Amino acid sequence: MTVRVFVTGGTFDKEYDELSGKLYFRNTQVDEMLRRGRCGLDVNVQTLMMVDSLEMTHAQRAMIVRACRECDEAQIVITHGTDTMVETARAIADGVTDKTVVLTGAMVPYAFGSSDGLFNLGSALSFVQSLPVGVYIAMNGKSFPWDDVRKNRDAGVFERLNA
Amino acid sequence: MTVRVFVTGGTFDKEYDELSGKLYFRNTQVDEMLRRGRCGLDVNVQTLMMVDSLEMTHAQRAMIVRACRECDEAQIVITHGTDTMVETARAIADGVTDKTVVLTGAMVPYAFGSSDGLFNLGSALSFVQSLPVGVYIAMNGKSFPWDDVRKNRDAGVFERLNA
Amino acid sequence: MTVRVFVTGGTFDKEYDELSGKLYFRNTQVDEMLRRGRCGLDVNVQTLMMVDSLEMTHAQRAMIVRACRECDEAQIVITHGTDTMVETARAIADGVTDKTVVLTGAMVPYAFGSSDGLFNLGSALSFVQSLPVGVYIAMNGKSFPWDDVRKNRDAGVFERLNA
Amino acid sequence: MTVRVFVTGGTFDKEYDELSGKLYFRNTQVDEMLRRGRCGLDVNVQTLMMVDSLEMTHAQRAMIVRACRECDEAQIVITHGTDTMVETARAIADGVTDKTVVLTGAMVPYAFGSSDGLFNLGSALSFVQSLPVGVYIAMNGKSFPWDDVRKNRDAGVFERLNA
């Protein structure tokens, strides 16, 4: 049983450009993170795009949905910026009905010492193996069904709609 | 719903003593790891002991079983040295039949930059919320039932008995 | 013999704001860095400002010069953004003629795992103790007299004018 | 002008063996540290041995002295375990009289997040360029002449004999 991981960018994968002093995307760090986690799962990592989720277009979101529908795996983890993660989860729920899809991300880039990325990746890979078919967000050590979650921007955490 | 975390030591929590040049136990780093993971779960962390699992006594193992049985929570994560993790899992399975218990650990101390500990903690906390009643080991991004797992000491990974 | 350290900001001290996704200044990390380096020098750390050196005003630069002139110590290290470090060095050389002043900084924030900040701080504190009176820049493991150095912005390194 | 770096092991270069749970030597991390420090010096790194300095033999110490005498460079940094660093410094002072030699090391392995190694390496490379001919120890942000220094084992710091 293989887990598919789709990389779409987000804070997770931001790096520091020492010439410009700005954060930017280069290659995903998911492979390095899986090595560090000594991950023994059969994982198939594919980068779909490297974007800030606030700048994700309708077409890009549709591409993610299509990738979920067309891949062979029935268990999919998506790394995604946190700002529009809920919106993408909703689009996937509309288009994919027979797979377990878990979106995750990070509040701090993996390249920073204090990142939550490794914790979240371990969490998402575990939920995707054990939750029933459906679309979920895995953040802050919890899983949320796609239709009962929002990002609380003031606190920087995800929470249920009717907490 | 609260998750109980019992700390027992193991590689997870080893630190470097700069005066002796040896690895040793001080306080657990689980609280710091939960902060770094921005963990929003209601978690109750309790240190039962700080031991190398090769030196865990029969009495200490019995104490862990008793703690699992007597605590209020139905979902329990135990941080544990990897060398005798399977043995402790078996003892818990004998004594606790109505809870979900997940043991986890690390191959490299959290205090080292390259530790798998944060990944494993995120994984264990997720499995404990989503797996049915039973005793499991969460390592290498996978979950193993207590009676179908061994540590492969040559490779430093956990695997099914009949892989 | 005490070394005075003046903090002025720069990449050195930038942190990641997980709510806005932007880099920003909070408190200096120089004290934490000195602890990590087990620095046994008698060091007196004072934050003058926390600014990106591209935004440093004429008045702020004058304030740094005055602080160097008026402090009791004859050995001064200044942490500073790299972009206008040479300009500030020149201003100090104009105004301070009887002390050893060493400016240093970082290409990557200390909060990032891959930062050069700790290396540079160790370097600057060593040069300030062993170089004669004058104004210097300590970057890339080297010391440069204030009037024979420029930042090569394309390569992200400091170099002599007539290399 | 080139600086020669001789690697001899010590805490600096200890790594964690995740199979045995013990600290051990593999390859030196000095090259990686120089990259991280964006070191622009012309540095020639050579590993002479990888030993715990408590186990350094008389023959090995003689080999270090010979290497210092015979190399082309007049500025030499030696990475060395802290426990017998003073003893090796004395042997070098007996055998090498026309070069600047700076010994350094670390209280915590570089592989640990909290290591002082990068700070010390930046310090040693700076002192070796700016101190007169002689043999020195660079630790804790200070330089000590070889004949006025001891390791205070209780405090884990280096100090002058007549502090």
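For clarity, chains are labelled A, B, C and D in written order, and residue numbers in each chain start from 1.
In the analysis below, contacts are C-beta pairs under 8 Å (C-beta built on N, C-alpha and C of every residue); 3 or more make two chains touch, one makes a residue touch a chain.
Values in this document were obtained by computation on a predicted structure and should not be read as measured data.
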Averaging each chain's C-alpha atoms to get its centre, pick out the one most distant from chain B. C
Could you label the chain A-chain B interface same or different, taking same to mean over half of its residue numbers are used by both chains? same
Chain centre separation (chain A, chain B; CA means) in Å: 26
Cα centroid separation between chain B and chain C, in whole Å? 45
List the centre-to-centre spacing of chain B and chain D in whole Å, with centres computed as mean CA coordinates. 39
Counting only residues that touch at least two other chains, what does the list for chain C look like? 107, 113-114, 156
Interface residues, chain B side, partner chain D - complex: 11, 16, 18-19, 21, 23, 52, 107-109, 111-114, 153-154, 156
Within their complex, state which residues of chain D touch chain C. 33-34, 36-41, 43, 107, 114-116, 118-127, 129-131, 138-143, 156-159
